[in-house]
Structure formats: structure tokens, C-alpha cells
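What follows are several structures.
Note that chain A is present in both complexes that follow, paired respectively with chain B and with chain C.
Moving on, here comes the complex of A and B:
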């Protein structure tokens, strides 16, 4: 246990140094591709950490997390679009300011998570998986049908949001913004999972009947976790929209939800940092294998199977947890 | 004043009437044992007292409040604590974590997000004290999955006590314990007598006759007799229905 914690700390320190240094190193090689790729990793990592809060700690297997990611992205893109068109939305002119648009993205995703969570948390097991998927598909088809916002083709953002009035042109600056936000998310989710709230959430995964007998109405705690995770995914979507300067219904496709789940499981359920590692592994494997073949998932499948077989606690568990005793 | 009052309770599962117009009254601070043969409907009765099972008709009153339609957590917060016949613990947590959760449940809302619960002395000190009371002080940091069967039973009781209940429902607390372990629990329960109302469901007749102020005998979903140990021993209906020929 002690030793595992020591290894975790070393890994986190090394990863932090690597991530802080990455744009500088990339610049010396004149590579902007690496920074873009790493920014994707940070954003996916953030969404995966939020999903880990509900799957890994809460034991709530949500198969619709991409919906909150997509809603966050669309919120930002639509606000910029309305401003550019000069057409107010719900009496609001729209905005291109990150300090307004990003919190609004979190609010929209959080509200969706509140409604969908309140309904889906009445079920459990396979039904919960199916109903979260169904809600996400509903949102997906709504945006496919919204021709005003591009429908299937998606909606482009002319430029990135401004931050406190300043434009974010430099990809390196945007990278560091994402890195800072990821660090904040990991810090907060780490605190949540260790708090009284986190003990109830985790305890309810381990033994719901016991927790009810102790006097906990576990659904309320689960719903709050679900909303927090949805809000973080919404922030991730807002960042993604700014990175790609484009949103489309693909952001909320069920395959995207599946990818987020793969990242969490690959990295290690309930391991806080693991999902970021899972996201890194996913992006690296995707970008290298997809250069080899268009059908890279044929190769990726067996990799996931091998990890599931030989590292049941995910990559993070495999790295940090050593066999004890014997 | 009665701590627990059950009137006209009926629960049917299809054609089976598991609880059949059951009446029971437990006085405050009494240790009341419920005994009965297998299949008498003990589990169904417990389920209805705790709120896990909804009765078809009848009322359950705790401390003069009708709780018949209350949820499990609501009844728990009103002062009911129960131990499970088959241990219900959070396996991935330590023994101390499990008890600390019981204490946490009694300290208001757990929508507290920032402070580390494992470093909170308001949770940890009373948790250690409760573990010490059942003789598990030196096992506090062990994961539940590392505890022996008997230790898990003791942990169940530590959790129940840590809830500072007014009404304690113990579902076969001594089941599966060694003789020494159950002696410890008998001593613990007798030390609790008079401080809380205890409803004890137990097969160990020695323990029941030693501890109980009164006993009720449950047969086929009905209470057929209630009285002191001596009254129950000589009750002809009970001898007939339950204690059988060998009594």
C-alpha cells in the first residue's frame, strides 16, 4: 500500500514535468502536431476522470457520457454562432468569452445530467446502462436534426473563445489552459472521492443495502456525482470545441461514449490518475495504428483484451500495485 | 410507552401469507426476543420493520410515530438500527471505514466534499471506540475481506452500536460465531440492557433465555405467545407448536 502510493507520487510528478515541458520540447523540434495531440489527451483525460467518478467510484456504468461532452461543445459553438449571426438566443446575444461560455457549457451539461440522472438512477445494472445510452442517443439525434446548427455536418467556430477579452491564438497557451484545468479537475475529484461525500458514493457501490440501513438515501449522492461528472464533461466539450473549432453530433455518438469508457477501464477504474493514462494510451494507439491502417480498431481490440486479461486494475494499477507478500 | 408497536400486519407473497395479522408490542428499553421455527416468517417480519418490505396491511409504529410507509433510510435516521443475518458490509473498506460510515450517517448531511473523511477525528475516534467495544480494536485497519467470519459478525454489531440507536434489531447476531465469540456478544448485549430497546431474533436458546426480558413466539406468521422466559417455557401452545416433544 505504502509502496504503491510512493510509486503513484513519482509517476504523477514525472507526468507533470513531462506535460509542462512538452510544448517547449515540441517547439524546439518545430512540431505543432505534438501539441495538438497532447491537448486532445488533456481534454479526453479530463472527461475520462469525470467518468471515473461515476463508474469507478460510484459503480454507475453510464454509457452516455458523450452526451454531456457534446452538449458542452455545442453550447460554446452555438453562443459564438449566435453572436456572429447577430441573432439572440433566448433573448441572449451570445458570447465569445470563455469566462462566460465555459461556465454556461458546464451549466447546460449539468442540467442535462440532472434530468437524465434523476430518471435513469431509478434503475440499476443493465437497465441503467441502456437508459443512459438511450438519453445520449436522443440528444445525438436532436442535433442531427437541428439543420440550423448544421445538422449532421456540424457547426464550425470562426475562432477560439477569448479569455478575459484576450484572444487565444497560440496553441501552446491553449495547451497550458487545458493542462491547468485538468489539474484542477483531478485535484477536485480527488478531494471529492476522499470526502464524506466520496465515502458514501463508494460505500453505495460496495453495498447499497448496508448504506440504506445506515440511513443514507444513496440516490441523492449518486445524482450529485452524476451531475458533477456531467459538468466536467461539459467543460471538456467546451475545450474540445475550441481545440477543433468545430462541433458535430459525432461528439455525442455512442461510439464516443464507448471510447471514454475504454479510457477509464484501460487506465484503471477508481484510480483518479489512471483515466488520464488511459486517455494517453488510447490517443497514442489510435494515432499510431491509424497511420498503419484505416481499420486500426481491429488491432486496438486485441490490445484492450490483453490489458483486461493481464492488468485487471488497468494500466495505473499494473504500474502502481505490486503483488503484496508471498 | 412502547418503542415498537405492530398492529394487524399482513404480508402475502402470492398464495403464501408470510405475515398473518401479526401483533407485537415492545416496551421501551426492553430486550425482547423473537423466536420461531424456520419458515415462521421471521425474515419477512424483519424486512417490514426495517422498511425493505412493504406490508399489504397493518401498521408499524415506532415511538408513537407511524412509520409504515417510511423508507429504510428514514427509519434508520429516526433511530432504528439493524444488524444483518448475512453480513452486509462494504468489502473494499477497512473495518474502521465501515464503522465510521455509521457514525457519519448520524452527523447530518454527508454533502461535504472537501475535507478528508479518513482524517476526521469526529468520525475516527468514535469508530475506534465502537470497534474496541466488540473486541476488534486491533483489526481496525484490516479490509473487511481479510476478516474472519466471526470478526465480520462482530463488525456488524459494532456498526449497529455506532449508530447510537434507540431501537436495535439484531437478526441472529450470534449465527456462525464460536462459543467464545458469542459469549462476548451475550456479555455486550446484557451491558446494553436498559439503555436501548433491543429486538433480538436468535436461534441460540441459551442466549435468548439468558438475555430476554420477554419473548414472543412466531409461528406461521403469527405471534402465538408473548411472555417471560418462564411463561414461555411452560406455555402449552408453544410446547406444541415449537419446542415440540423434546421440551
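Moving on, here comes the complex of A and C:
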């Protein structure tokens, strides 16, 4: 195990250096596309880390994580839209300030996660999977039906949010903001999973009855984890809305939830850093295959099947846990 | 009044179609413990098989046979190649693998047939109207769809409750190892059940073909509705699937038909339209949430 820890420390250090240096290197080659692509990676990575908290650590297979991602994005876009239209929403003016809009995005996603989580967590196993999926689908259809906010066509943001009044239009600056937030999320989720709270969550995954017998209200712990994961996904959505300056119901389509799940498993369940690696691999494979053919899903689908069948530990597990005797 | 009866019939017809899908999905889950997201793909394959062959030959009967054969064949094939390896695995990997299958089949159909929706004609014999009650004409085809749903429900009940295969299926669901120890080839039984589910999904796709357009992604929309159905009914229960399908078929159809009018009685037109649009598309999820609050394991819970 110690060897594995050493390897993961080295991997994390290398990845950190690479991610910090990336925009500088890209700038010398004059490529802004690489920075945008890497920003996507950071945002997807953040959402994947949050999903790993509930799937990997909590053992709660949520198939509706895209809903919280989308709600976060829409919160930011709607606030900007209301500001631009000059129409107050719920009695307040819209805003373009990240320091207001991003926490609000987390709040909205967190509240949705609280309601849906409280209902879904009454069930378990296959029921839980299907119900989280159904609730996400419900949110999806609500936004499809909201013609005022563009319905199917989505909603564009005229400009990126300001951060404390300062503009963050520069792709490099925005990249570093996302990187900093991702680091903060990983740090917090890491602390969370190693705390007593995280131990109860992991314990409940392994043996729910035992944790209950020890006097823990398993449902409450799970709900808190579910809400935290939803809030992080909401922040991811807020960042995504700023990156793309566009939100649409596609952000919360069920295929998006599936993609987040692929990232988590591809990276490695319950491995904290793994999902970021998974997100990177996902984006790499997706962009490579989609350049190859318009019907890239024909190739990507079997890849996903193979991952599910033969790579249960994911890339992170494969990299850090060596085969016996090695 | 006339509209109400018509909409109730539409609800029953949607319920019948949903049952065809839900029956297979719930059997596969109840017996093999597998969550099969690719069930919607089998629905799509059935519809495409029928639409293409019926379009080329002009014969509806040949189309039906082709659609059924295609769905069942693909079903058996994915059971042998993929699903079989998932029986002992965690739900997470089942979801992931069958998600991959969906991507594959959607991409494949788009590549081979194209993304443009196919149209499928109603068979000539069933293209007219029947006057059920004086002054209420109703499309014969939709009545036929209802009949198919009912016939399958009865047939399934008979098979599961009265035949030897049904006995094995029931036994295999609860005492897998014991049935296997008694010399029954469980693997073959599972392939059969999965193939049967695929066949029913294909049948659903075929009968829906002339009502909606046949296109890539048609399976997923209906798949999620089917999930709602079996969650409400109790996963693994065919009876629950039937009740759930009828409930959801009704709720969805009546909600879409009458909510706008009901809301307009209480608020302004534009607001009512917007709200009714949103509300009627989420109505089935609200029904599901209500059922789960009262009965977390569905209306007809299976097992312990």
C-alpha cells in the first residue's frame, strides 16, 4: 500500500506541475484551443470528483448528476439574462458578479439535491438509480418547457461573469480560476472523506446495517454527502456556463449523467484524484474519436462496455496499485 | 365528454405500449438482477427493422416479422456477449456497460440508416376508424395496439403462472442456485428470458412506429418512462408493470390534454401555457415521487 501511496503522490505532483504550466506552454505555441480544452477538463474533473464522493465513497449510484450541473449553469445564465433584460427575479435584480452568482448556483443545486436526495434516499439499489435518473429527467423537461429562458434552444450569456468587479475574459486567467477551484474541491473532498463523517459514509457503503447498529443515522450522512456533491456539481455548472457562455437543457440530459459516470469509473472509484484523470481521458478519447468520424459513438460505446467489463479499478487503480510480485 | 373518452383511450393505448417495454425490463431485472439501459435500443431496433422492411416490400406483415426477429436476435446477441458477464457484478457496471451499448446502437443506426426520421404507414386493414360509442370514432390502429398490450399481458401471465418455463422462471428468480443444482441450465434460461424481453421491446417499437416517427434516440425517451413505470409497480413484478404502465399512460395523456385548460380557468393564458407545458411533462415524475413516499418499493414489492 505504501508503494501505492508514493506513486500517487508522485502522480499528483506531476499532474499539478503539468496543469499549472499548461497555459504557459500553450501560449508559447500560440494555442488557445488547448487552454479551452484543458478548462473543460478541469470543470468536468470537478463534477466527476463530486460524483465520486457519492458513488465511490458513499456507494450511492446517482444517475442524475447532470441535473445539478445544469441547474448551476442555468442559475448563472438566468441571473445574467435578468440583468440584461432589466427584469428583477423574485424581487431582486439579476447579477453578473461571480461572487454572488456562483454561490447562488451552488445554493440552487444544493437545494435541489436536498429535495431529490431526501426522496431518492428512501430507496436503495436499482430503485435509487432509476429515481435519480427520473428526477434529473424531470428537471430537464422543466427547462425544455421554459420558453422564456430559451427552452430547447438554450440561453446564451452575452459576457462572462465579473469576479469582484474584475473581468475574467482572458482564457488563461479563467483557466487558473478553475484550477484553483478544482484544487480547493479536491482538498475539501479529501478532508471530508478522511474525517469521521467520511468514515461513516464509507462504512455505510460496506455494511449499512452495521453502521445503523453503531448508532449512526445513515440516511442523514448520505443526504449530506448527496447535497455536498450536488453543490460542487452546481459550481461546475456555473463555471461551464462561463466557459461556453451558453447553457441548454443538454447540460442536464441523461447522457451527460452517464458521461460523468464513465469519467468516475474510468478514473477509479473512490480515488479522489482518479476522476480528474478519468475526465482527462474521457475528453481526450472523445475529441480524438469525434475527429475521426461523425459517428464517434459507434467506437466510444464499445470502449465504455470494455471499461465496465474489464477495468473495475479504473486508470488510477491501474497506475497506483501494482500487480502482486512487481 | 367526447374528448375525455378519446383521451382515456389514448391513455390506455400508451399504457399498453409501456407495458410491452416494462414487462421485459422488469423480468430481466427480477430474474437476472440486471439493469438493462439498452432495452430502449431494442425498442428502436424493432421499430427500424419493421419500418425498413415494410417500406421496401410494402408488406406490413413482413415488416412485423423482420422487426421482431431483429430485436430478438440483437437481444440474444448482447446477452451472450455482454450482459452475461454482468450478472454477478454491481449495478454500477451494469449501468455503465449498457450505457455503452446505447451509444453504440444509436451511433450505428445513425451511420447505417441516417438521422432523418423514417415514416411507417398504418397497415391498410387497421387504417380506418371504429365507432365505439355513437358519435365517438376512434382509430382502429390504436385499438389494435391496446389489444396487443392486453394479449401480451394475458399471455405472459399464462406463461409465468401456468407453464413449466414459467415455473422455472419463478424459481430462478428466487432460488437461482437451487434451480441450477436441480439440473436446469440457468444460462440457457437467462438467455431465453432476455430474448423474450427483447422481443417484447421490439414489438413495442413496431406498434409505436406508425404513431410516432421512427428515429435515433426514440428508445431513450421511452426507456426513462418505462423506468418510472417499473419503479412504481415494483421492480421485478409483471403485475406491477401492468398497473404502473396503465397509471403512467393515463397520467401522461390526461395531463397533457387537460392541464392547460384547467390552469387557464385560474390564471392568464401565457402563464398557464408555460406552466402547463412544464407541469404536464413532469407529471409522471410527481406521480412516481408520491407513490415512493408512501411505498418506497413500489405498489407490488417483490422479495425481501
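What we mean here is this: the second predicted complex is superposed on the first by the 316 of 326 C-alpha atoms of A that agree within 3 Å, B and C clash if a C-alpha of one lies under 4 Å from a C-alpha of the other, contacts with A are read in each partner's own complex, and residues count from 1 in each chain.
Rule of thumb we're sticking to: a contact is a pair of C-beta atoms (placed from the backbone, for glycine too) under 8 Å apart; a residue touches a chain by one contact, two chains touch by 3 or more.
What you are looking at is a predicted structure, and each value in this text was computed from that prediction instead of being measured.
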Once chain A of both complexes is superposed, is A:209 in touch with chain B (first), chain C (second), both, or neither?
first
Under the stated touch criterion, which partner chain does A:261 make contact with: chain B (first), chain C (second), both, or neither?
second
Using the touch definition from the top, say if A:194 reaches chain B (first), chain C (second), both or neither.
first
Tell me the contact category for A:9 with respect to chain B and chain C: first, second, both or neither.
neither
Of the partners chain B and chain C, which touch A:32 in the superposed model: first, second, both, neither?
neither
Partner chain in contact with A:217 - chain B first, chain C second, else both or neither
first
Between chain B and chain C, which residues of chain A are contacted by each of them?
none
Parts of chain A lying in touch with chain C, wherever the complex brings them together:
55, 61, 63, 119, 122-123, 125-127, 129-131, 133-135, 137-138, 141-142, 144-148, 254-255, 258, 261-262, 265, 269, 295-309, 312
Spell out the residues on chain C that touch chain A in their complex, using ranges where they run on.
29, 35, 82, 85-86, 91-97, 99-108, 110-111, 220, 224, 227-228, 230-231, 235, 274, 277-278, 281-282, 285-286, 288-289, 292-293, 296-298
Chain A-facing residues of chain B, complex:
50, 52, 71-73, 76-77, 81-82, 84, 88-93, 97, 100-102, 104-106, 110-118, 120, 123, 159, 163
Which of the residues in chain A come into contact with chain B in the complex?
191-192, 194-200, 202-203, 206-207, 209-217, 221, 224
